[in-house]
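Below, chain A partners chain B and then partners chain C, in two separate complexes.
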Partner chain A sequence: MTDQTQNPSVAAKPARATKTAAPSRGIFGLNAKDTTLLIIVAILTMLAPFILNPFPEGSDLAQFNAGYPDLMQRFVIFGIFAIGFNILFGLTGYLSFGHAAFLGVGSYAAIWMMKLLTLNVIPAIIMSIVFAGLFALFVGFISLRRSGIYFSILTLAFAQMSYALAYSVLTPITGGETGLQLKSTDSPLLSNLAPGEIGRANLFGIDMRTSYELAVGDWLFTFNAGYYIAALVMLIGFYVSIRIFRSPFGMMLRAVKSNQQRMNYTGLNSKPYTLAAFVISGMYAGLAGGLMVAMDTQVGPERMFWTASGEVVLMAILGGVGTLIGPVLGAGLIKYMENIISKINSTILHDWFAFLPDGLEDAVVFILYPFIGKGWHLTLGIVFMLVVIFLPGGLVEGGQRIARLFRRKKSDDAAKTPAE
Partner chain B sequence: MGILEVKGVGKRFGGLQALGNVNLSVEENTVHAIIGPNGAGKSTLLNCLVGKLIPDTGSVMFDGQSVLGRKPHEINQMGISRVFQTPEIFGDLTVMENMLIPCFAKRDGAFRMHAFEQVFHEKELIEKAEQMLDDVNMLDKRNMHSASMSRGDKRRLEMAMCLVQEPKLLLLDEPTAGMARADTNNTIDLLKEIKQKRDITMCIIEHDMHVVFSLAERITVLAQGTPLVEDTPENIKGNPKVQEAYLGESQH
Partner chain C sequence: MDAIILQTLNGLDKGSAYALIALGLTLIFGTLGVVNFAHGALFMIGAFCAVTLQRILSLSHEVIDESRKDFLGNPLKVDIPYMHEWLGPDLGQAVINWSVPLAILFSIPIMIAVGYAMERGLIKHFYKRPHADQILVTFGLAIVLQEIIKYFFGANPIPTPAPPAFNGSFDFGVLIGADPFTIMYPYWRLVYFAFAMILIAAVFAFLQFTTFGMVVRAGMADRETVGLLGINIDKRFTVMFAIAACVAGLAGVMYTPINSPNYHMGMDFLVLSFVVVVVGGMGSLPGAVLAGFLLGILESFASMAEVIDIIPGINQIIIYLVAIVILLTRPRGLMGRKGVMEE
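Up next, the complex of A and B:
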């Protein structure tokens, strides 16, 4: 987790490259450190059904299990959303408060592809990227005339306008308040559906909802086709984002954040760089939106609401802005809390604290009750505040501090050993 | 005909005539200093040269082309680099990255979508940047976070960033402002060394007469937005008009 862009890693590599024989080469055109990171993330996502289900079924802790398909899909899809958002916010420092609009546009594009053309998810996902990219080009071209808070407000305004349009004016296209879902009356051109059959999203015949369940002792692990497809897409998205971070283009984006005046007087036009970053991150959002539709074949306007835009900002900050893995961690944490903490109710709390004397038990439950169930936002708010105040670099900084602590201990031990 | 030809440039801010009728000709491969008391219009003139301000009247020709109406990045691409009064560097980036950005700008132009190439594969540019850093004795600092350096180092880095682009004209806005004497002398030595090593035209705005007389081959004295005289340092030293412009108020 030591991938902060502030590290001299980018420059350290070339410096070593010319001084010694060859740089430490990884694969896929990445350096060794990034390759390691990519492989670790790949292993974790592939083994997620195991890792997220550590507690046996029926045990008290089983409600903390997150290894069910629906939630795992959300982890990786919001991970994609956050990775893309981080390319804009993390690298250029432009804080968009309207990225949910691109998520929504991607979703609507995808569902229309499924309704009209084919139930295969690939064309749907491609169209969601294309439409979100075009819309981002339009929004970015106008919003990027301003910077700072004015840019944020402009993007927010665009997103809220999109929401309002989807909710009412564009009802023929968006289905209005109820949104769109696949219906028995849909007859996609390339998919042969029996009359009255409701189509299901698939990838060359693999139904997204197919799951394989593996029972080992008391544990139940679920392997879902949709999850693995989404996870694969996320890994590709993550790889592309590493390439962008380490590219000259990524360096220019960090230059935009650092000093636009110097950049312009160095002969670089900062505007197309920022616009390109905006469009790329909009395409990531569209991809996430398309994948959502691929998983649950429905979309509603609330997907574009400003709270959805705010959520991705929280994800990036919680995980670590400008770091490679941070946004994915932030997305995971928020979605975990949303789904797990919101499921805890007062009965469960009473169960946990049953060992306490009655009066004390009631008191503890009374104090904790506002933070669970529907009050999970309160918990999120507190976690967010703690992270921003004590770990401004997000979870990644937390990880780095822990790693440093261990390293120091180790070097202390090493220093002691010869003395003893 | 000089590499930089300023003719009849005037600039007004509301009721203030910041620049009157400025004519200036900077010969190729010389060091030309622009001096003058506070408020003489030196910085305004400089800003007119780099595209930050557009003059109301007159023309600015660089290398046979007009710079008026061009954006700062376009003017830089024509071959004019600028060092600011307070060092402007990419503080969040390392020294090496700071050096690589102007290298990319020089090679690839104002915008290129090189999103899938990797910085550490650009051996040629890295070597060029290292060479330049070596020239300003900063090679050992290449992995440093540039914001954490001393002001003198930031200044040297900024100059290196400008020089690595091999500009035809280097504009320096009070390069020794706020520096200690030792740092000032180092900067003078650095500029002299640069001048010896390569063909470069420099235009310096400076308050410090020690710097001006150590470096300049031609001096233009500005006062109240108009050039008073343009001459060699020796003649400027003895010019009574200059004495008056600088010291006039204190003598009365």
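Up next, the complex of A and C:
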């Protein structure tokens, strides 16, 4: 296996075939750099309840705390979704605009398992992966016959069809507009529910909603069972994605991205590789959908609407497409903005700028007001545009540029290419 | 028979909107080679031009009317639109009622300015970047434009009525000898269809019969050679972008009485318009128009009760289904030229 782990940001370039020195393999079969990355991510996710709650309860800044279970679960679940999307778009360059369909299929599969078989989340999640994978196989088999914008349109068309069908004709299966919830009338085969009791998702008896609250001084930290299960799944997913990125299979996918025509001319059929990437990516989406149901036992068709597909594109691009950690960062950022910025209102703004003279305070609040609260989409759109225009590599590239800037200042090496 | 004619007519107005948006999309793609995901937003901005003009025209101020009393016996306060004061009650009211058609004139300069600013300010920098980047940045722009409109006009649909002269329906059946009241078609939809036809004809005539259009067509065929002949083709393509924006905007203005505009109407139309463009053939102007009308009519046929009884849900997915079949069997689209975006 060739070593191509030098720099994730140059992932799009074909492999460095000349460098074939046998890499040293640490634990998990990763090299030192990836192991470090994985461990850092693991530590961050495990300590997230602390890290995301830096401000004491009741303080002015407490609204910026993101350490509540609901939001933390969303961070990791959308992280999984974005990791999966990145395996397709980041490696092969195929831009799918219909990935939410797989998420939706996974969700529906999971809730039916909970309704019919057991309230344990394991079978539900497995079924969500299986069904999403099968659906992705079908969609991918057809869509991958074309590339470029046609591929985007085809995936979009399939996703919109799934949405429209889930909304209307498939109502017996999908619950139509209202969607599906666990109800008191459900009687899963393997769970002993008292009559009229509404089941709760659990993992071998651990309720997903169990939380342990730890109060340290003014701080309150919440440790939620569901979050840790989802985080563990995300770490596994992240590990698998590193292995895919570093494998010969991943290299083949990058070759497809850099020049598919040349690949075909060498007599290699790239379709099985891209299809495999598409299915894997769809399975990740299904996994995310299954986890969503595990955390919050309900599902509706809007989960498959094309704006949901657009959201995962935003996440991957914002974080940095083709990098390992980028999509997770992007997912975290968007979900944070969605939940935190949208909570700010004009009163809070006035509080912040109270130190300014009255007229100026009103002016500043007036300017900022469209960007907060319900207007958080505007902020998102602007940030997204700026990233696409100035930082095609996303936040990860931004971080690298800053790091390079510092390093260059230290070594005073002016001969290097300027970081624009 | 009646039903077939009725459904064809019903498909025409939606088809007109699809055709107009797809025409603009194709113009932009054919000239600048840019896939513009913000085109739906231009359609929406056009619609909100009509809303804005209606609001401006109905601006009013409070006057105390001594001749009328409210139930307490105080003089009644009435809102008098400025238009009534300036032009007299009859003409003033007529102007307010006709705000949607008047908005055509109002929106043309706005749309040209928006289109010009968009091309010079943003899209210019994306010619050499991959199509995926163009899609992404215009998608971001669409979100921004949509949110700006939402900020100023709110999230709810704003009813914008057509002039009262066009209220009611036209009994189409009588014309062709069917029973009266079997084929009723609202007047405004007829107007919309006629307007779309005129606009489409105007665009084609402009491209076909003017020197400017000739140069643009030459540039679409071979940009480099036209550039070598000493013609500033970029400038003309910018103008074409503004015209495409204008076409989308006008389509939006006239669509307001059919569907009350809301901030996400552009996105709703955009997804379908892209499908239309792909079905018609990337870069083919007649293809875009043809596919727009075909898909509009097809959609309306698919929503007939008889069809839904046979295949439930077909009305929701027909357009996508057609697109998938076309893309797989005839990747170039109905009228696509050879070599345009055929990987």
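The criterion applied here is as follows: the second predicted complex is superposed on the first by the 385 of 420 C-alpha atoms of A that agree within 3 Å, B and C clash if a C-alpha of one lies under 4 Å from a C-alpha of the other, contacts with A are read in each partner's own complex, and residues count from 1 in each chain.
Just so it is clear, a contact is a pair of C-beta atoms (placed from the backbone, for glycine too) under 8 Å apart; a residue touches a chain by one contact, two chains touch by 3 or more.
Computed from a prediction, not measured in an experiment: that's the story for all the values here.
With both structures placed on the common chain, the touch criterion links A:130 to neither chain B nor chain C.
In the superposed model, A:337 lies in contact with neither chain B nor chain C.
Look at A:147: by the touch rule set out above, it reaches chain C but stays clear of chain B.
Of the two partner chains, chain C is the only one touched by A:370; chain B is not. With both structures placed on the common chain, the touch criterion links A:248 to chain B but leaves chain C unconnected. Looking at the shared chain after the overlay, A:62 reaches neither chain B nor chain C. Of all residues in chain C, those touching chain A in their complex are 35, 122, 125, 129, 131-133, 135-137, 139-144, 146-148, 150-151, 267, 271, 274-275, 278, 282, 312-313, 316-317, 320-321, 323-324, 327-328, 331, 341, 343. Contacts from chain A toward chain B in the complex involve residues 6, 8, 10-15, 17-18, 23, 29-31, 243-244, 246-252, 254-255, 257-259, 261-269, 272-273, 276, 280. Taken in their complex, chain B has these residues touching chain A: 50, 71-73, 76-77, 81-82, 84, 88-97, 100-102, 104-106, 108-120, 122-123, 126-127, 130, 142-145, 161, 165. The touching residues of chain A, counted against chain C in their complex, run 93, 95, 142, 145-150, 152-154, 156-158, 160-161, 164-165, 167-170, 260, 306-307, 310, 313, 317, 370, 374-375, 377-378, 380-382, 384-385, 388-389, 392.
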